[in-house]
Amino acid sequence: MGDETGGATRRQIMVVAAAREIRDGEIVFVGMRLPLLGFALARALHAPRVIGLFENGVIRDAPPTGPLVTMGDPPNIAGALACTTLSDVMAYLQRGRVDVGFLGGAQVDRFGNLNTTWVEEAGRRTRLPGSGGAADIASLARRTVIVMPHERRRFPERVAYLTSPGYGTGRRWREEVGLIGGGPARVITSLGVLGFDRESGEMVLEQVHPGVAPDEVRAHTGWDLRVAPALGTTPEPTAEELAVLRRFDPEGAWTG
Amino acid sequence: MDKVVTIEEAIARHVRDGMTIAMGTGLESCIPFAAGHEIVRQGRRDLTLVGPVSDILFDQLIGAGCVARVIAAWVGNVGAGIAYSFRRAVEDGVPRPLAVEDHSNFTLALALEAAARGVPYLPSRTALGSDLVRGHPRLREVTCPFTGARLLAVAALRPDVTVLHVQRCDREGNAHLWGNLGVSLEAARAAGTVILTCEELVDDDVIRSDPNRTLIPGFLVGAVAVVPAGSHPSPTQGYVNRDDRFYDEYHEETRSRDGFLRWLDRLVLGTRDHQEYLARIGEDRIRRLRPREPRPAAPVSYGV
Amino acid sequence: MDKVVTIEEAIARHVRDGMTIAMGTGLESCIPFAAGHEIVRQGRRDLTLVGPVSDILFDQLIGAGCVARVIAAWVGNVGAGIAYSFRRAVEDGVPRPLAVEDHSNFTLALALEAAARGVPYLPSRTALGSDLVRGHPRLREVTCPFTGARLLAVAALRPDVTVLHVQRCDREGNAHLWGNLGVSLEAARAAGTVILTCEELVDDDVIRSDPNRTLIPGFLVGAVAVVPAGSHPSPTQGYVNRDDRFYDEYHEETRSRDGFLRWLDRLVLGTRDHQEYLARIGEDRIRRLRPREPRPAAPVSYGV
Amino acid sequence: MGDETGGATRRQIMVVAAAREIRDGEIVFVGMRLPLLGFALARALHAPRVIGLFENGVIRDAPPTGPLVTMGDPPNIAGALACTTLSDVMAYLQRGRVDVGFLGGAQVDRFGNLNTTWVEEAGRRTRLPGSGGAADIASLARRTVIVMPHERRRFPERVAYLTSPGYGTGRRWREEVGLIGGGPARVITSLGVLGFDRESGEMVLEQVHPGVAPDEVRAHTGWDLRVAPALGTTPEPTAEELAVLRRFDPEGAWTG
């Protein structure tokens, strides 16, 4: 994860790619770490009118000035636009007002379903933290962006436990089960950027990060990963993007 | 009615073995650690703990053997990831087996809110198709009587006691809260009774000067205990910042069961009360967590 | 995005014939009279008005012929009892027939809240056995999927526009409100868009200094108009008290249809804007409604 | 209504009787006018720990100091314990936390059902204000107290429209329709105080105000009103009660 590609670390590339998924004026359900940095980056550069919701009830139009470990840290409250309840921000989500939500997880599968509940390795079940707000964001946001390290055990063909719904078993599944949110739009990994096929709902490799070969991505994926005919390369972070990132993560705690 | 008691009395009177207790309802802030430690000291057993985030306070009660079940959306150490006592209980039954009722943040909020409103359930559009719903005692798919849409019904969850740490309240328990609210209001309204720990006990007039800040009315409250820094190591906006190092240290020290037991002995079982706990943490360290930069709210008048 | 416009522009842009408009959601306070008068001046027709209390603002719009339907729990003159234009419309079809969707305060609140939450209905235990429920398009008895209990399901009601009068907001519409809140928050969240009229336009920093006071986030808001005393004759806590006499005078003057039309001409159709309306009421009279006794909220710090 | 009986007006007797229905420590859903005065009186005398909820979202532990026309008047907000939403106070009601709610209406019938929606007289329908919060209080409070002038047209055998449920068609009706609140406990009128039969749910005259004969009450009631075997007389307001009342209603606007 710390590998350098050109002048930027993989995590820097991931954050910059995440930021580019945010359009100006959008309402974003923000998570901690990389998504929070992506929010800060988007706000500083191309999306000055972005609004960020946090599931603990905080609404901000600008990233906090101090470093955060959790969204409940005092610097995230001071200077917020509004502080309210978890239910209130979830209601905005359920009302369809949230344009994009960021998600991560222990596993993501071929149809963008996420698992953060438990995994089994070498016959031993490991209990993971669970959904938090992820199942809600995955169910209710107009679209989601998943940010994850790209490792084969994290990319199984089918998640062991479906915590947060992607496209289930295919593109029509969400409608069948009654979900109203749009589902995953992008997966940003340490190796590339993936989208979802409009017909099948299956994950497709759309971009590789600089210096990454498509076969490397496929080798780290637990199914026969489709590659887009017009495979691109993730643009390198610009000097401006890197400068802003360093401002928000001066010690590289999250992107080093 | 004056409800001010020590935290020891509040727990002794209101928390009994086998009860369902909601704590940590502010998510990562205002977690009532002092109250939780007192539950450990008094040796309560077979508790069901409810909180959207089952942070290290829950981990401590689990490791201490107080807990039979956790109802939560997320379990871990909000600073450092893994909650080892929780893992040991779930994976290995140490010190005792632990049942987990898994939720999303929203379904847990809705379960509390249904109880707070006196309805047996609330409908939502979340988590449909998720494995969370399978065989879940409190989640069921229903059909909207007006539109025919598929919805997820979330059944009411009524804690016996909700424990909140708040900034300030009067002797009746009318409390001013500010900062992110998580599910604290729903949990307080849902519960049989509420224990408040507060940073400051204030005169009635302070509360009545700003009724929109009174998010917990006193008629919900059974006991008030004045416990400054009672949320340590979690923050209470305007009174105490987050002790990030504590979470990391806890993570390291509690990797093994023995390490956990040493930790518990040093800071909980081996301290008489929260003051002694804070003294072990170190006065200087606590002082450094006090806010240095004041951020006063703009004035407001209720003038007539 | 700067959303500040005149109230004339706000109404012209956002309120169209046939729309469903929620107003008076604070019940007897913060009723957006200035905005309602502007709707009359611009001659909107076939509106559906939504408010738990259909006070004399609704009566005025009904008498002016703007309204096809009222969805409310109580209709009248909160100061003096009867709303004559409402009665004339319902009983005699003057100036046009008026449909009424009757609610209780709680069912109306739940209808707005369902829309605010993005669910097609919410269950409750109210009004079972009441004639309110018979043949009602938005109320239906259902059975709880968990307990089998009989419940009243209230279907979502989504206004096209909610108009609120608030104490202060910034140029984006992030608004600080205080005092009783009625169903204002639900109505704002349920609506397609929100028009705010405010007593004071303030700098962003005032709003951000007290995020718990921001009960309407700007992303819900389509337009902000600065209209001091825009709630007259209803009160706005801390800015303008209730003009009790006005309600009594309205009661007397609008007993007859002719009397109403004279009233409407004098204060609404015959005034260009709210400033001229206030001038006709009399500067002295408005000045006497300003609070004389300040009641400052106790200080709060969000310090870090 | 202005008739004097002894030293007190009928309305003063009504307010005092209403106040006596409030026990110390109770949570009361307060209305305007007479019930508000009853709340003030109870708070000042025998119920210092009473809490009052108003449906607009106000919670008070003491009556406002200034005169009120509506519950949203600034003196009712200033010095309140809490200000919140209508839904929040209704939720307390629905959760069973409200001990007693006060109600009035255009009509009350034999089983304590209230009508505030429309009446028909001489073939003409008159539209009334509607429920407001009355149907909710009647449905959800642990018990209710109805305060009304005693006139024959206001006491029909069956209300023309059942806005706010009492005992419907009899004592078991509330359970059958699914209501959880306890129903009406008392009706305080300008002539007497009435209760409800435990078996049938029917209204029963329990007390007459000083100087009122039971037959006078029956003559002003639209059905064959039952009279309790142990019919009492409403106690005269005490000097202390009258002194407090004059403090809250100095010009007799509500009780003159």
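Note that the chains take the letters A, B, C and D in the order they are written out, and that residue 1 is the start of every chain.
Keep in mind that, in the parts below, a residue touches a chain if its C-beta (ideal position, glycine included) is under 8 Å from a C-beta of that chain, and two chains touch if they have at least 3 such contacts.
All values derive from a computational prediction rather than experimental measurement.
Path length between chain B and chain C in the touching-chain graph (shortest route): 1. Chain pair with the larger contact count among B-D and A-B is A-B, by C-beta pairs in contact. The centroid of the Cα atoms in chain A and the matching centroid in chain C are 40 Å apart. Mean C-alpha positions place chain C and chain D at a centre distance of 28 Å.
Residue positions of chain C touching 2 or more other chains: 117-119, 124-125, 149, 151, 178-179, 181, 212, 237-238, 241, 291, 295, 302-304.
Residue positions 58, 74, 77-79, 83-84, 94, 140, 180 of chain A are each in touch with at least two other chains. Contacts between chains form some other arrangement here, matching none of path, ring, star or all-to-all.
Chain pairs that touch, as defined above: A-B, A-C, B-C, B-D, C-D. On chain B, the positions that touch chain C within their shared complex are 117-125, 140, 142, 144-147, 149, 151, 153, 155, 167, 176-179, 181, 202, 206, 209-210, 212-213, 237-238, 241, 291-304. Every residue of chain A that touches chain C in the complex is listed here, in rising order: 25, 27, 49, 51, 58-59, 61, 66, 74-75, 77-84, 91-92, 94-97, 140, 180. Residues 26-29, 52-53, 72-76, 78-79, 81, 86-87, 90-91, 100, 102-107, 109-110, 113, 124-132, 141, 149-151, 178-186, 234-235, 237-238, 241-242, 244, 247, 291, 295 of chain B are the ones that touch chain A when the two sit in their complex.
Residues 1, 115-119, 172, 174, 189, 207-208, 211-212, 214-215, 217-219, 302-304 of chain B touch chain D in their complex. Of all the residues in chain D, the ones that touch chain C in their complex are 54-58, 69-74, 76-79, 83-87, 90, 93-94, 117, 124-127, 129-136, 139-140, 161-165, 168, 173-174, 177-180.
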